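Labels A, B and C are assigned to the chains in the order they are written; within every chain, residues are numbered from 1.
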Amino acid sequence: MARRISTTHRVTATAAGWLVGFLIFFPILWMVLTSFKTELDAFSTPPQFLFFHWTTENYAIVQERSNYLHHAMNSIILAFGSTAVALVVAIPAAWSMAFAPTKRTRDTLLWMLSTKMMPPVGVLVPIYLLFRDGGLLDTHIGLIMVEFLANLPIVVWMLYTYFKEIPKDILEAARMDGATIGKELIFVLAPMAVPGIASTVLLNVILAWNEAFWTLNLTTVDAAPLTTFIASYSSPEGLFWAKLSAASTLAIAPILVLGWFSQKQLVRGLTFGAVK
Amino acid sequence: MATQQTRTLGRVLLAPSVILLFLWMIVPLGMTIWFSLLRYNLLDPGTESFVGLLNYQYFLTDPAFFAALANTLILVGSVLAITVIGGILIALLMDQPIFGRGIVRLMVIAPFFVMPTVSALVWKNLLMHPVSGLFAWVAGLLGLPAIDWFTNWPLLSIILIVAWQWLPFATLILLTALQSFDEEQKEAAEMDGTPAISFFFLLVLPHLARAITVVILIETIFLLSVFAEILVTTGGGPGLATTNIAFLVYAQALLQYDVGGASAGGIVAVVLANIVAIFLVRLVGKNLDA
Amino acid sequence: MGKIELVGVEKAFGNVHVIRNVHLQVEDGEFVVFVGPSGCGKSTLLRLIAGLEDTTGGKILIDGTDVSDTPPAKRGLSMVFQSYALYPHMSVRSNIGFGLRMAGMPKEERNRKVEAAAQVLNLTPYLDRRPGQLSGGQRQRVAIGRAIVREPKAFLFDEPLSNLDAALRVNMRLEIARLQDTLGTTAIYVTHDQIEAMTLADKIVVLSAGQIEQVGSPLELYDHPANLFVAGFIGSPKMNFVTGQAAAARGAATIGVRPEHIAGSRTDGEWAGTVTVAEHVGSDTFLYVAVPGIGDITMRAVGEFALKPGESVYLTPDPDRIHRFDAEGQAMLAAR
C-alpha cells in the first residue's frame, strides 16, 4: 500500500471530490437552509444564502397547523411495525434455509426475490378494492401488512446471508448441550446474529419509511405517514416553501442519519448479494 | 445434512414466509387478471360483465398507452444512462486519494435516503421554479433566460429528479465493486506503462461489468414503477407528457374508476417488469452457487 | 454407564452410501478411536452416534436403549468439535455452563461445577473472558470443559487436535488421555492421525469407504493387521509390500514387512539393493532402498547407520514378522 501519490494529484482529487459531493448534496442543504428562513426570504430573488433572518418559526407552524407529529408517529409505527412483523416471520425462514437447506432452498429463495420485482401497479387495483371492502384503507394495520409483505423478500434474503456466515458447528454444539431448537435460536443464533439482524432492521426501516407508492394510494389522514403528509404540499397555493422545507427536513433527518450508518448493508440488501 | 427432525422443522418454519408471499403474489395478481377480463367500473357497480380481451384491446390501442409506454422507456433509459455514466465517473473520483473522503461519501449518498415526495417537491419548488427557483437565478447570472422546467421540459424535469435520487445507488455499488479491484493489477499496469485511458477501458470497465449489469437491472425494476415523483409534481401532465405506465394505471383505476382497463394496464406493467426480472433472477442465482 | 452399540448402521445421502452395515460394541469406560483416510465416513459415524445426522438403517443403542430416533440433546453425550464451536458471545464460564443451564440446573450448583471443571483444565484465570481472547490451546480446553462438565455417558471427539500446532497437539493429547483415565468416561475419538490413534486408544476402529476394516487394540492392529488396508494404514513409515516372486516363495500373493523389521547390512543379506535416500535423524536412520526384482523398500535402523545414497546395502526381513496376504488382500494365517 505504499503507493506514491503526488501532492498535485491529492489536491486535484480532493477539490473535485468535494465539489461533486457538494453539488449532489446541495438540494438537501438548500432545503435545510430554506427551512430556517421566513417565507419572504425563501422566495426572494436573488436567493439568500446565509445572511438572512434565521428563524425556527416554520417548525412550530408545521406542527401547529398540520399536526406533523401525528404523521411522524405514523411513519414510525409503519416502519418499525412492518419491520418487526417481517423479522418474526423471516427469522425462522432464514434459519430454515441457512441451516436445514433442501434441494429446493435455492429456488425458493430466488422465487421470494422475484416477488419483490413485481411492479406494485400490477396489484394496485385488487389490493385497493380488498382494502376498501375490508375497511383497511387508511389504517395502520392494513398498511403495516402491505409494507411487511413488500419487504419480506429482502428481509429473508438479508437474514439468510448473515445466518450463512455463522458456523453450523456452533448450533450443533448447542444441540449437543441439550438446547431445543427454540433455545438454540434464542440463546445462540440470535445473539450471534445481532449485527446482521440490526443491519436488516436498519435497511428495512429505511425502505419502509421512504416507501411512497402504497402509502400514497392507501392512506389519506389517519394512518398517513410523512410521505403522504409531504405530498399534501404539492398543491400550489400561497407561500409555503419554508414550511415545506421545515416539514421535509424533519421527515428526512432521522432516516438520513440511519442511512449513513447503513451504507454497507444497503449494497448487500439491495443487490441481493450480486455485488460484493 | 442434518436429521429428519430438523428438516421437518425447517419446512414448518419456512412455511409462513412462503405461504404469505404466495398469497401476496397470487391472489391479487389472479384478481388483476380476472378484472382485466371484465367490464368493471366503480361508478357503475353491479354491472360487471365478462368482455374477454376487450380491455387489452382498448388499453393497447389507446394513444395514452403509447404515450405512457414511450414516457416510461424514455424515463428508464435516460435515468439509467445518467446514473450509470455519472456513477462510474463519481465512483472513480471517490476512489482517489480525497482528503475527507468519508464526508464526501456521505454527501454523495445522501439523496438516496430522501423520500420521493420530498425530493420531488424540493426540486420542483426550491430549485426549478421559473421565477424564484435557484436554477432561474443561476441562469440569470449567466445571462440566460430562466427555464420554466415543468411547463417546457416536464419529462426532463422528472428525469433529473429521479436521476438525482438514483445516482447515489449506482455510485455506491460501483464504488464497492471498484474497491475490490486488485491493487497489484493496478501496480502491474503502472509498471507496464499502460495509459490511464486504456487502463480504464481494458481493465477497470470489464471488472465493473457485473456491477453495472446489477445496477441496470435493479434500477430498471424500480424505475418502471416511478410514481410518487410524478404524482406530486405534474400529476402526469401537462396532457400526457409525464404519464408513465404506473401513473396511467393509477389514473385509470383511482381517478376514472375503470377497474377493468386499469387491470389490463397492470398486467402489461407486470409483463414488462418480468422481462427484466428474469435476467436479474438468473444473475442472482448464478451468484448464489458461487 | 456408557455402553454404546451399533447394530447394522447404515447412512446414505441420496444414492451415496457413506456408512455400510457397521456393527460395533463400545464398552463402558473404553477409549475408542475411529481412524481412516479422509472421506472414509468416520466423522459421519460419530455424528450418527451424536444424533446430528439420522441413520438410514440399523440401530444405535446406548446402555441397551435404542436411541436411533432420539434427538442429540436427549442422548446424554457430549461432543468436542474440530472447530471447538465455542459460543463467541458468551464468557468461558457461560460456555462451559451452557449445557447445565439448558438442563435447568440452579445457578450455584452450576457455578460450582463449572469452577471445578475449570480447575482441572487450568482455565480458572480465564473464566470471565470471551473465547475470542483465548489462544488455540485454551479454546480447546474450554471445549473439553464444556464436554466434561455435563458428566455425559460418553465423550465424542471430532478431530479435536487438528487445529493446533504440533507441540501443543502432543500436550493436549496427553491431557485428553489423562483426563479420560481419571474420569473413566467412555470416549469415542475421530482422527486421521494414526499416531493419535495408537497413543490414545484402548480400541481402534479402522474405517475405509464407510466400512469397518478391523477393530482391535493398537498392538493387535500393528502385529496382526487383518488386511492390506490396515497393514498399510497403521505404522509409520508405512509397511513395505512386495508382490511377485518373493511373495510367491512364501505362499502369498503379497507379503508385507515393516521398515523396523528389516535388518540392514553392508556385507550380506537376502535382498541386495542401492540406497536412494538416507534420512539420519539421530535416534533412527531411515533408508530408502531400490532392490532389483523386489521394488523400493523402506528400512529403519535404530541409531545411526552411516550409509549414503548410491551405496549398496543388503536387507534381510525378520521372518517372524512377515505378513502374508492372499489375492483378495486378506491376511493369511501366521507366518510359516
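Everything that follows uses one rule, which is that contacts are C-beta pairs under 8 Å (C-beta built on N, C-alpha and C of every residue); 3 or more make two chains touch, one makes a residue touch a chain.
Only a predicted model underlies this, so the values are computations on that prediction, with no experimental measurement involved.
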| item | value |
| --- | --- |
| Reference subunit C; chain at largest CA-centroid distance | B |
| Chain whose Cα centroid lies nearest the overall Cα centroid | A |
| Highest-count interface - the chain pair sharing the most C-beta contacts | A-B |
| Chain centre separation in whole Å, for subunit B relative to subunit A (CA means) | 16 |
| Whole-Å separation of chain centres (CA-atom averages), subunit A against subunit C | 55 |
| Averaged-CA centre spacing for the pair subunit C and subunit B, given as whole angstrom | 60 |
| Sequence positions of subunit B contacting 2 or more other chains | 1-2 |
| Residues of subunit A engaged with two or more neighbouring chains | none |
| Touching two or more other chains - residue numbers and ranges from subunit C | 52, 71 |
| Subunit C partner contacts - residues on subunit B that touch it in the complex | 1-5 |
| Interfacial residue positions of subunit A with respect to subunit C in the complex | 167, 169-170, 172-180, 183, 187-188, 191-192, 194 |
| Contact set on subunit C toward subunit A in their complex | 50, 52, 71-74, 77-79, 81-83, 85-89, 98-99, 102-103, 146, 150 |
| List of subunit B residues in touch with subunit A within their complex | 1-2, 6-7, 9-11, 13-14, 16-18, 20-21, 24-25, 27-29, 31-32, 35, 90, 93-94, 96-101, 103-119, 121-123, 125-127, 131-132, 134, 136-137, 140, 164, 167-169, 172-173, 176-177, 180, 183, 187, 210-211, 214, 218, 221, 224-225, 227-228, 231-233, 245-246, 249-250, 253-254, 259, 262-263, 265-267, 269-270, 272-274, 276-277, 280-281, 283-285, 287-289 |
| Subunit C - residues contacting subunit B, complex | 13, 51-54, 71 |
